[in-house]
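Once you've had a glance at the structure underneath, I'll fire off some questions.
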Amino acid sequence: MDGTMSGEPSHGIVSGRGIGDAGGAVNETRIRVRYAETDQMGVVYHSNHFIWFEVGRVELLRQLGFSYKEMETNDDCFIAVVDARCRYKAPVHYDDEVLVRTFLKHVREKVIHFGYELRSAEGGRLLAEGETTHIVADARMKPRKLPEKYMKVFRGAVGK
Amino acid sequence: MDGTMSGEPSHGIVSGRGIGDAGGAVNETRIRVRYAETDQMGVVYHSNHFIWFEVGRVELLRQLGFSYKEMETNDDCFIAVVDARCRYKAPVHYDDEVLVRTFLKHVREKVIHFGYELRSAEGGRLLAEGETTHIVADARMKPRKLPEKYMKVFRGAVGK
Amino acid sequence: MDGTMSGEPSHGIVSGRGIGDAGGAVNETRIRVRYAETDQMGVVYHSNHFIWFEVGRVELLRQLGFSYKEMETNDDCFIAVVDARCRYKAPVHYDDEVLVRTFLKHVREKVIHFGYELRSAEGGRLLAEGETTHIVADARMKPRKLPEKYMKVFRGAVGK
Amino acid sequence: MDGTMSGEPSHGIVSGRGIGDAGGAVNETRIRVRYAETDQMGVVYHSNHFIWFEVGRVELLRQLGFSYKEMETNDDCFIAVVDARCRYKAPVHYDDEVLVRTFLKHVREKVIHFGYELRSAEGGRLLAEGETTHIVADARMKPRKLPEKYMKVFRGAVGK
């Protein structure tokens, strides 16, 4: 595997396996735990899980055909976090490969709700699960509607 | 003491004001937002709130007479996060002073539940609120009971 | 001292003590090491020193009467890093108080050169020393001259 | 490209191209810039480059047949940073792919010197270059010699 991409998603539309059930799109992205992400307890510091959720979110968008960068730049569409939660199931260690599984839970014109699972890439052990809720805003942080081109695809990607 | 302390709490036992009501201990610590904590949206990136919660947690312990460092080193007592949540109420900006208000919500022998409010130091506007749940563990991450010297004080510090 | 400021400088113009000699302005800011800043080696991860340098830089500007926030917002003046170096002399541990000593090494119209010392707040042991070089740029990252109101003060603050 | 690895190196021994000349081993690892790594200037905050250097370092070791994790765990061998420097040549933006090129500059029994280039994965533009110097230490941060099995390989990997 030559020159593979850090942060590159698996691009597989995967259903079932406990999340994103009944046909919803699920993005699977692998990340390698960095030394900087550990703390003196010898495990990953807990705020990093939220950064990995964001990596998963961006890759799910890419899988659906969108670039979050262009959403901001071209469509003045920002996805601002209003609620974030993580339940930690098992410690994550340095140099581990972590599978970030991201899916859409609900989509409305002004609110998007993502779900996440972190699993050990080797063995599939559940490491954490979480959710984030986002409002759609413009560059001045004023709420706005999600443009229809996104809504259409997002609605189709939500698990039923 | 010239050269005031970054991360130094106000050491005030404050009750009411919406949290930690009815006599519980509340720690108030001020932090100054660092440039590194902002993102390209021009506001603080949302995972940093959890780092500030941890700063508040440590300072609440210090206010109660304990050093978290010594809890780990001397008493083999680690406070591992099992659940963390934040609700974001208003964007936080570079160089803002943020008041981190931390209090104990529940304490049992093996589980500790903290609550938090982030407020603008100037004006008191609510910026975020959150909770974290922790289990008590030893250095090998094996669950254990909180030693009685902590339990005694923690029970007294919980808001009724 | 009630409600002290995290990241608040000591506001003392201090000369000598090895740096900023011969009358230059030196800012001394104390920071408390956060758990998130440690790694599994049990010490502060080395990239955090550069974040502390930035805290010191901002507080030195404040001591000189300027807000870096306003430099950006009001004067379209950004201080972009072009070179950064740190020499690590001793490990820094969780919950330690670190004294960040920041001073101006050279100032030209388009280039600013800062120097730093990190010392243990208790005992004064040298923990690290470093330098950063910055170019003055506008919001589009185009090089520009530092406005005269800053130049005048900065020139006076450089150690001879 | 199914299930590719974030932080996975290209595993290519590459010579020339300005660094690692004359036959030294060069690791090329791609990383995708995370939102969390940007700041309000709209570019990557400068301390993150040092985290990417560390990613490159670990992947160069892996390319040479070693796991840094096992160096720590099995051989009580820590590579502690004593000097780190980065020269920033061009701003790095959110969602960019960055090629981290890492090579060994010098190796002695107790000191290892790495060099780095960050290049735009698309187009190859030089974004930054840097060096880090490390001493070999045991878990208590006491200097020690690098075990011969590493020395042998490292000596062969240094560019002449």
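To keep things simple, chains are lettered A, B, C and D as they appear, and every chain counts its residues starting from 1.
Here, a contact is a pair of C-beta atoms (placed from the backbone, for glycine too) under 8 Å apart; a residue touches a chain by one contact, two chains touch by 3 or more.
Here the structure is a predicted model, which means the values were calculated and not measured.
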Farthest chain (mean CA position) relative to chain B: D
Cα-centroid distance, chain A relative to chain B, in whole angstrom: 27
Centre distance in Å when chain B and chain D are each reduced to the mean of their C-alpha atoms: 36
Shared interface positions of chain A, touching two or more other chains: 35-36, 41, 43, 47, 51, 94
Chain-level touch network, classified as line, ring, star, complete or other: complete
List of chain D residues in touch with chain B within their complex: 35-36, 38-43, 45, 47, 94
Parts of chain B lying in touch with chain C, wherever the complex brings them together: 1-8, 10-12, 28-32, 34-36, 51, 54-55, 58, 67-69, 94-95, 97
Of all residues in chain A, those that touch chain B in their complex: 41, 43, 46-48, 50-51, 78, 80-88, 91, 141
